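Each chain gets a letter, A, B, C, D, E and F, in the order it is written, and its residues are counted from 1.
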Amino acid sequence: MDKLLHLWEATGFYQMQPGQGIMILIGMLLLYLAIKKNFEPLLLVPIGFGGVLANIPGAGLAEAGGILHLFYVVGIESGAFPLIIFMGVGAMTDFGPLLANPKTLFLGAAAQFGIFATLMGAVLLSTFGIFDFSLADAAAIGIIGGADGPTSIYVASKLAPDLLGAIAVASYSYMALVPLIQPPIMRALTNEKDRKIRMHQQRHVSQREKIVFPLVILILVALFLPDAAPLLGMFCFGNLMKECAVVDRLSNTTQNSLINTVTIFLGLAVGSKLSAESFLNQMTLGILLLGMLAFSIGTASGVIMAKILNKITKEPINPLIGSAGVSAVPMAARVSNKLGLEADKHNFLLMHAMGPNVAGVIGSAVAAGILINYAAG
Amino acid sequence: MDKLLHLWEATGFYQMQPGQGIMILIGMLLLYLAIKKNFEPLLLVPIGFGGVLANIPGAGLAEAGGILHLFYVVGIESGAFPLIIFMGVGAMTDFGPLLANPKTLFLGAAAQFGIFATLMGAVLLSTFGIFDFSLADAAAIGIIGGADGPTSIYVASKLAPDLLGAIAVASYSYMALVPLIQPPIMRALTNEKDRKIRMHQQRHVSQREKIVFPLVILILVALFLPDAAPLLGMFCFGNLMKECAVVDRLSNTTQNSLINTVTIFLGLAVGSKLSAESFLNQMTLGILLLGMLAFSIGTASGVIMAKILNKITKEPINPLIGSAGVSAVPMAARVSNKLGLEADKHNFLLMHAMGPNVAGVIGSAVAAGILINYAAG
Amino acid sequence: MDKLLHLWEATGFYQMQPGQGIMILIGMLLLYLAIKKNFEPLLLVPIGFGGVLANIPGAGLAEAGGILHLFYVVGIESGAFPLIIFMGVGAMTDFGPLLANPKTLFLGAAAQFGIFATLMGAVLLSTFGIFDFSLADAAAIGIIGGADGPTSIYVASKLAPDLLGAIAVASYSYMALVPLIQPPIMRALTNEKDRKIRMHQQRHVSQREKIVFPLVILILVALFLPDAAPLLGMFCFGNLMKECAVVDRLSNTTQNSLINTVTIFLGLAVGSKLSAESFLNQMTLGILLLGMLAFSIGTASGVIMAKILNKITKEPINPLIGSAGVSAVPMAARVSNKLGLEADKHNFLLMHAMGPNVAGVIGSAVAAGILINYAAG
Amino acid sequence: MEKSTLMSEGLTLMVTGMGFVFVFLTVLVLVTTLMSWIITRYEKSVGALPAEGIPAPTAVLGRNQSGQSKQQSQSSQDSTLLTVLSSAVHKYRKNK
Amino acid sequence: MEKSTLMSEGLTLMVTGMGFVFVFLTVLVLVTTLMSWIITRYEKSVGALPAEGIPAPTAVLGRNQSGQSKQQSQSSQDSTLLTVLSSAVHKYRKNK
Amino acid sequence: MEKSTLMSEGLTLMVTGMGFVFVFLTVLVLVTTLMSWIITRYEKSVGALPAEGIPAPTAVLGRNQSGQSKQQSQSSQDSTLLTVLSSAVHKYRKNK
């Protein structure tokens, strides 16, 4: 009888706390958005499912000894998973459009203002006592504006592990929402004439340039910002493997089974941070609001910088490609292309927008290095 | 000269103990059965080879610092390998036949009686002083009747790590022997008329049902039996990845390189538990006997439950598909099909037997949750 | 202002030490050799890149907490990576030519004299006070003569972890240089008539022989040299998986995504040992010199043994295949073939040279076992 | 543990365990039947799962489908093949 | 370790090591020759390895070959392809 | 940390951070432009990357391309296919 009682006490009905129930519903919502609405499904399916698993009452999957906690410690606390993903992303990245037009790097730089403005916003909210974010928290929230999942997770794991769940969810959700968030801002900041600007066809980029470029980045990182070395180093390594053409075996595995495997476990491990205590509080609300702000400011900064560049340089630059500087590869570039086609149905901007798009990845990794150096120091 | 002596003392000739020699022969026997007789080769080749390696005198591969011991600690003691395999099995499972005929879940439930009857048998043998099994040991032995390799290994690693080697070997060997063990029992419990029963063609199951079903299981697990959450959670996660169609990249990797890689290391790690001390004793004999009992009782319970259901429900159910409730996917279902065809050469039962077959996987994972909750608690 | 200073002090410009700069250049040189000159690119691309990353000032990637250090501890210190690679190499090895002509095992044995002669050389240099190598150091350096990357790394990680970087670099570099190092030695030790010897066509080897052979090696290892069990055990396991044909799923994954993934992380982890302190010293010079000696002596021993065998046995043996006994699969065999064709354009030695070639892998794994037993004991 | 305790523990575990398995799977039968009933009704009005379930390119992993990347490479061919195949599967199921 | 000890240790290791390599590989030559002789004799009566060496579906991993699973999916195609290929290899070897 | 300190820290971080991002990417623009200029000039004399960039078999991983190995097996076919594809890509780029 005791044992029957024990069994009853072990059920979810008996143990479930309201917070856990809500978090399970939130996990289900993420699964719905991922599967039905195609919100970054590759990450949000594992994150959502992990979130549900983490909140099963009494199962303790996200606590010490639980399998999700194990994945978290092994893969995220150590930094390994985001870095391996970044290596895979590097192996999938083509720097060709960037090399054809290196000025687009400035667009990738400008868009990072979203990160720092949001950091300042979080600091202000804390100063006015509305939230209680530390400088490290503020930096981790700001990085959502980098529009780059693995970078967000890496920075959050270093600076604010407690906020990691909310930051990752915000990061991927807003990336999925890029086609909704960006167009109004882009339209507000450009006029019809701006949007019709046609850009020159890109020059051919030789394979040798593509091989040397990741090494150039690596050297500059070594000289200027060692704190960005883990992220940019792994990124450049992946890219070099792809471009050098002598290790195609390794590059193919990196782009396929390796990144897929790590994505599954990264997602589940992030899900382990969606516990009721750390997610169901005012801070998450702040993170969601500030994250949206970060995306919007980044988009605006990119467009404004493109307009400035267009004034300065001889070669015409369509301001619509500025928004692609936030990264969110390749969706932001597609948004640029779509708005370009709306203004002039022969104005294909996709390849031109890929330049600032990958520049945005470099830019936010640089920003991540600075934040880690400054806020953790 | 000292060093020469040292070298001689390091040889296997000098160090080999009789038990080690016997275990090496047993490992070779497993390899023979796997390669020549097709006994579950995907597991028994690594387990057999691992068993040989573990017993090489003086090499210490299965002791602290040895590579097999490392695989064991990292993969099995942590629970990670069986759970990842279960995720992969989920990604390979089609719940269609089960959804077309949910009543077959009762067959999957009934067949679990093999687990609990065997547990009771082990307890009785201990009570009469024939063996010395604790309740946890008895539970770990009973789970052999679940006819599911990763579930057996997971439960054994939690409840009776010392018996893990014997339990895993028994589990996979008997699964390979399903085509020999089941038919006599099935024939004894049915008559010609029973075996000729034709079942209605299955209705079409929509993709939406297949997507929602793993989530339904997950919710019920969360509410009723959190202790089954690791196993069934990972299983449902794998299945959702497969069915939702938006993460085919991840699902394909899970079904291929990920499950293959983990299978190799799981097998080697199980092999590390085939040391002479823990395998060459009376208990192993008991495990082998009780395991056979478990399979037989499970088969019989499934068939009897199918006959009962056939009486209760309007829709005809061929009792031959009851035996598929033990799981051993897909061999048990094939055995049902084969016996159906023997009785009537137009009576194809394969798709009907797939329902109880996958129900048996769910059933034994539920039973595993109960056993871990009760016996470890 | 303090913080600005802090940022400046964090740059590579401020922190870079001369040694680190040199090591970065050396890493770049390795990348150049790998990519442009095709020096074993599958390993030297990751090693070279890892070497650059390890020397980024202030980033600490190769120090405790850094990602490369993590890869080293998890994969090399534990012994796992070299052993998994060896399993993969086993799954790619065809023992057919060796089984067709088992006498070629003697060539694989003779070529290991390069290992032991070099060990003696290192000991002599220490005795004369030119270098300061311990016996374990000398053994780890000698193994470069085994011309087998994973074996070198495995032995170095056990006997001389500090020298691992230099030993791995020497090992792979000289393997890449086999087409330059071997021909002069082979020409010097053979005359035109020797080189024109035609060998009998190889008999057909049945699949059953290929399946049993790895088990034969395993048994002999268990009886004679348990210390070689990790290396040869994993090697034979991989080979058995390939040949037994019932676990093709596992064998294919081993030969592809598994070995590729491990190769990437092994390379990066080896790169972490290319720090200025441990690489930029006189010892590295000694290692490079002795490594070259090891390859040369191994080549010469193989050729001489082939000439001796040719005298003893009835069946003609072309001495050119003796050099393939150093392993460096399959390049050493190709070198034999090339020199054979030079002497007589119809004299195809490739398949005959594959026998000693894989025998060399077994031979150096045996030698590795002896060295670990003796020098670590 | 005393022998008699072991015996009674085993008996309790057998009865509660088997009972629980049946309770759980009975509930699962009921809920599954309900689910299928709801979905079948729902699909009568909205139709079966539309093609939008097909994976679209995403911000983290889908890059090889974009831009000037090696369209000729194995990996992107695979991914195209996968998309085509899974699209075919979906259409096939829809039309059935 | 003193210099002279190091020297003598090195010498011992060289001699015993090289000796051991030869002993081991000589034994391997003998045992391998014996093995091939036995197998060749054995196969004269039973024939070379029969087609039963081909992988059959198994209880843990072989599911995708069964039931209503996506027969069109990459993975099951691969596995069918593998089976066909390895079957072909086997037949080829047998006929040779 | 006091509120005012937090504020000033945030401000400093914003300014120096954004500044640093621009400095870094400006340097990258300059160095990249320089690199492209050098390589373009260099390639005018030596031509674009020659076919020697194609992977050759190596001592650790390339074995399946050699000897009597299962030429029919999936893996070696894949690797051949990869070599052929990447060779085609190279030639295509060279001719462009």
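Simple rule for what comes next: a contact is a pair of C-beta atoms (placed from the backbone, for glycine too) under 8 Å apart; a residue touches a chain by one contact, two chains touch by 3 or more.
Quick caveat: nothing in here was measured; it's all calculated off a predicted structure.
Chain centres computed from CA atoms place D at the largest separation from chain C. Where chain A touches chain B, under half of the residue numbers in use are shared by the two copies, so each contributes mostly different positions. Placing every chain at the mean of its C-alpha atoms, the farthest one from chain A is found to be E.
One inter-chain figure worth recording: chain C and chain F are separated by 27 Å, centre to centre, where each centre is the mean of the chain's CA atoms. Taking each chain's centre as the average of its CA atoms, chain D and chain F sit 38 Å apart. For the pair chain B and chain D, the distance between mean C-alpha positions equals 21 Å. Contact of a single residue of chain C with at least two other chains is seen at positions 3, 7, 35, 38, 41-42, 211, 224-225, 244, 246-247, 249, 252, 256-257, 260, 263, 370, 374.
Annotation for chain E: residues touching 2 or more other chains are 9, 13, 16, 20, 53, 55, 61, 73-74, 78, 82, 86, 89.
If you check the complex, the residues on chain B that touch chain D are 99, 102-103, 105-106, 108-109, 112-113, 115-117, 119-120, 122-124, 126-127, 129, 134-135, 138-139, 204-209, 211-213, 216-217, 220, 224-225, 244-249, 252, 359, 362-363, 366-367, 370-371, 374-375.
Those residues of chain A whose C-beta lies close enough to touch chain C in the complex are 78-80, 83, 211, 215, 218-219, 221-227, 229-230, 233-234, 237, 240-241, 244, 246-247, 249-250, 252-254, 256-258, 370, 373-374, 377. Contacts from chain B toward chain C in the complex involve residues 3, 6-7, 10-13, 15-16, 24, 28, 31, 34-35, 38, 41-42, 45-46, 49, 52-53, 55-59, 61, 66-67, 70, 256-257, 260-261, 263-264, 268.
In the complex of the two chains, the chain F residues touching chain A come out as 1, 3-4, 6-7, 9-11, 13-14, 16-18, 20-29, 31-33, 35-36, 39-40, 42-43, 48-49, 53-55, 61, 79, 82-83, 86, 89-90, 93, 96.
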